[in-house]
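Got a structure for you, written out below as structure tokens; questions coming shortly.
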């Protein structure tokens, strides 16, 4: 017979093995193919940007935790590293490092800690950081260079979507082939260029059940339908849905950023509306907006609706409503 | 005095006194303000139609007006067109000049805009945007040169330059100009410039 | 009610009852015109002008106006002074008037002004009302100055148009845009409350 | 088509709260609870539409013909204030439930700069009558959208661990800032 | 054959193999028993014996005081030592009758059986059940006699015998199914007669295939349906069970009555048969003693009132590093602060194991796993936050009272948030508020 | 002319609208509680909605209805609050001054703990799973009461029991509601003798659970049978006023100190002083 103190707790007394840090590190792992691809394409610039964003994020997190006298555990749960990684992945490769650090500080500070830290934020922190940078330094944030793997010196280079929107690439037949989008030897943000690398990571996340399949599915569905309709009507003015799916931040956004659980709805119905909304907005902005790419703004915009979606899409409790 | 009449009386009095006061101030500042506005327009016309000494309004509608630039002796040097339309965020208002035959655009100046500072707002900057508008050939339609050129020599006479990162704003200005030119030619062709109230004043 | 000393009546507007930071009144102009210090100052002065004169008039005529049309009358009086300020700016400071756009006529609906008339001038003597108005407007000007300085320095690297940060500084354009206004003001407000709670603790 | 574009741009691009900074006080003050935010939004939309009509009439039938543009401010405010008060009394008498839902917000709106701003902006842009009406309604809906989103977010933030000094207005302003960022995604979408 | 189930739910590690093969073993009655007068849902029974009285096995010692109450019987024969407060597995000491066992197990002569139970009238069955002090043995301890008297306006058409035993580790119901199949079947028949239903369904999870086969065999020529259910927690929760078996949804806030169903646990069915056939009151029950902290895990039949420590002693004692002691299953059971508590009618298991002190509790990351696993389709994270922030009205609107405290949400939560504890707190506050309002 | 037109226009407009308003005012007037108007008058009319209502009037209505506090207007500050309170006539008359008292002495040392409590650390949560102490009637020490007090009248003591700061306590009763075990009661401030235990456990059990528990020995009740009785294993003071001060030493013979005076030091100080003066 033991006489040591027994544990007292409310039921259940069993716990699943999965934990927040485990999920977070799975996401980090899943980003590795894309990170490696970006290092291949952009060489040391990529490494520097990743380092700046992650370290900037961690330092900011530590500072806030210290100020607010919170336990330092959440520094190491991996969420900040994801925010830093994802922020870096959405930055133009030639962005100056001090700007990247500002972005990381804003992402973690303004995107997350002013709301109370992990789990309380309304907007996707990495995207808040990116949106802040894009609005603070619009020129630097829309100046793209060719991947170092393709050319020796950094020349400015239009991204596939920029080409499509501002250079009438479709009419002139200079639209980037989908094959290139797939492998990644195109211009664009650090981590978004290689679709295949991102998809490998996404597959891993599905296997780990770390993301809700409804979100990418809904986004892809509505973007495909939306761009598809216009493509069918005017194939000479509008690009194919496949192009839109592969180009820009779509895959990164749909699989890694819109799926951020903190900032997506908690109810199934809400999740569908959220995802369909993002896809639709991306299509709208890309086809008719003033910007070439709309993934970031679409996700931020739908983030705003999440509280309302949560509130008005409470699932029907078992036995609620009419019987059966 | 009943409450109602007191109410009416006091409110009316307040209205009366304040409007009297205002009318006074209004009359006092009226000329000055009119002068400011006039001066702004005048200044713009003089910039866009070089050689103008006096100007005269030939036509006006919402978001579109035509002025004649004349020398001291009253001979026409060119037209100044006042135009506005929407840019990236909000309305852009501008003034540009043409020669008498409307074959050449002499200059462009921006009167009012609320584009993004550092981006679209650069349409106000001489070096980045305005200087590329000097002496454009407008017998055909003007087009955008992309990517941005660094000197006017890189452009053909029918091209205008883009501002890096502000394609939309540049494009909007271009569109407004093209549209207004069309309107201007129309008016000249149909004698619209001489019609209307302005004719009586002539 | 009139128990405060005159100087206290003035000082309260600076911090304890600062219209912007403590009462959250008149936020629209505060946010809208603070993209440059000069605009902020102009706006502050215009508001001061209106606040002072309308306080004067309201405290003078408070007895004659029946209650039911009180607000309507006050608004008309305020509107009158606002128009004067607007015309004055248009006539003598045309560029500033252009930059401030419709926000000068909007002073008429600035809650600070009507609020002061109702809360104070309509109940207090002329002298007191003027002091109170002066305090409130000083507080308002200070708040505008603070916010516009932050925004102009970060957003353009300049203060009153003079370069203050070296050329190494890349201006944060966001600070000149609506988003930056909201964020900067939100953070300043947080800071103000933080300082307030700290000093209160020390006082206690 | 033009009207539709004007309508959408009034809601999404040139949003009254997030772009023009008008009506910030009620936007912060009445966005603590979703229900009141919705009522407030509807009341503002209603008043804005009326204001657009009335101010257009005053401007185009009185002020411009007699060339007394400088009376704009005084005339608008007088008319709007009286009118809203009349409407309020009317609703209160005629439909108490409607008054409960919307009417109690009316006095607040009278002296609200969004309404006055609408009248002034519409006058400055020389809108035609129909444009003015569409602009008024669109702006009202834009205001409603912003305040309802804000209320939803604030209700959720009630459950969050927001740092003490930022609670309330501070965090609401920061959220508004990020909302303004998100809305910029629509910039350039509508070309009038 | 299609395996039926319900949507959502979870799969905690089963660990049933520890005792699945051990037959039920009768534990010898201990020296002393402590029989609480409150072992059921409802008001406590009133003691009808006093210190010093001699009592017989099965003699009534506590009398039901209300409709929602149950009689309590002596589980040994001997002398009453005291009627006094004693530790109770539910946490707060309650009045208990302590009896010194004289080792004779002399039965109460008043106990009499029935020759032909299946020919009895419903009323007679109910009386027998009530006199035997039977309460639901599935956990809630709801007085069975009440359950067998459905209101007139809610006719019962189906009796479900709940043989799921979806809680990990527990095997007592499974052993009853295998070893007392006939008793269970006849007990079910009695329930059918008492409630006037015309259909009996016995639901068994597919991790008990042999029991399923045995029952199939035994019911080849009867109306009784035996249905295989997927092994998933909480298959045995009655609302989910009804939805899986009959595709009927018990209305929000309602009871199985409302859809014409009565659900009884296997053990209850057997107890009903015993009571009606032999007149034997409920003074012992089957339970599983298991977990890595128990030296010799066993399935036992134990007298009510036996102390946990005696039971554990009988099973070879606890491991030295065992640091948690649970009454019931690991998902819904109650953690005990001492082994000095008596077995009660609702004790389906005594478990002990060694568990790591809890990891760091993160904040909720809104992953919505709890939402995806809640069998009641609730939004546990919201309920938790409402409870935490005292938003009582919202908590009620979001259905906090419908939570069955199954623990799926907390089991799955990666942040390690004690969701169920918060929800229970919230429920408590909602009830307090309601009471205040009605007062 | 240019002077006349504006003046005329405005005059006509103001006349028009003031007449309209007056007519509407008369015709459409809705009867209501005059207090609302009075309160509304007292408010600053900033209509800023900072009070959480749609405007000053809405706030006034709420105050009169009782759904808002009279000091809810942040703009008006204390002066307005006072004015509003006056209109509503809620100025507090002098009432019997009471103070909250804790009825438990189960300090960390005295009351044995149950085990390693891992649940949610609030008293209410702990209570629903039986609590963290062996005694299921006593204070759990997580300080729900301290949090509930809005007047800084409470703090958690070193010994794990909350302490009421008498000067700050307004007898609002929040703590009484907050404590899931009902350990607080509001008592007249001059009452100085209490039972510091709520355990209904039998003597043996309660003695085992907590050193300071009332073990129902009855010593106190025997000393003052009229004023103190034994009920369900617990001493209960029925009538503190008539406890003979002479009997207090007898009461304080309590073997576990579960009953006795609250402020012993002060009184003994007085006694000592008295003794000294007597001696002098």
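Just so it is clear, A, B, C, D, E and F label the chains in written order, and each chain counts residues from 1 on its own.
The rule we apply is simple: a residue touches a chain if its C-beta (ideal position, glycine included) is under 8 Å from a C-beta of that chain, and two chains touch if they have at least 3 such contacts.
Just so you know, these numbers come straight off a predicted model, no measurement behind them.
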item	value
Of all other chains, the one whose Cα centre sits farthest from chain B	E
Chain whose mean Cα position lies farthest from chain C	E
Geometric centre distance via CA averages, chain F-chain D, whole Å	43
Centroid distance [mean C-alpha coordinates] between chain F and chain B, Å	70
Where chain B touches two or more other chains, by residue	7, 11, 14-15, 18-19, 22-23, 25-26, 29, 88, 116, 118-119, 168
Of all residues in chain D, the ones touching two or more other chains	19, 25, 29, 68, 70-71, 74, 78, 82, 85, 110-111, 161, 163, 166, 170-171, 174, 178, 181, 184, 187-188
Junction residues of chain F, two or more chains touched	6, 9-10, 13-14, 17-18, 21-22, 25, 47-48, 50, 114-116, 118-120, 125, 128-130
Contact pairs between chains, per stated definition	A-B, A-C, A-D, A-E, A-F, B-C, B-D, B-F, C-D, C-F, D-E, D-F, E-F
Chain C-facing residues of chain B, complex	3, 6-7, 10-11, 14-15, 18-19, 21-22, 25-26, 29, 32-33, 36, 40, 112, 116-119
Complex interface listing, chain B residues touching chain F	4, 7-8, 11-12, 14-16, 18-20, 22-24, 26-27
Of all residues in chain A, those that touch chain E in their complex	1-2, 4-16, 18-20, 22-23, 71, 73-74, 77, 79, 117-120, 212, 261-268, 271, 310, 314-320, 323-324
Complex interface listing, chain E residues touching chain A	10, 12-13, 168, 239-240, 243, 247-254, 259, 309, 312-313, 317-326, 328, 330-339, 355, 357-360, 362-368, 371-372, 375-379, 381-382, 398-399, 402, 405, 407, 410-416, 418, 420-421, 424
Interface residues, chain B side, partner chain A - complex	88, 116, 118-119, 146-147, 164-165, 167-168
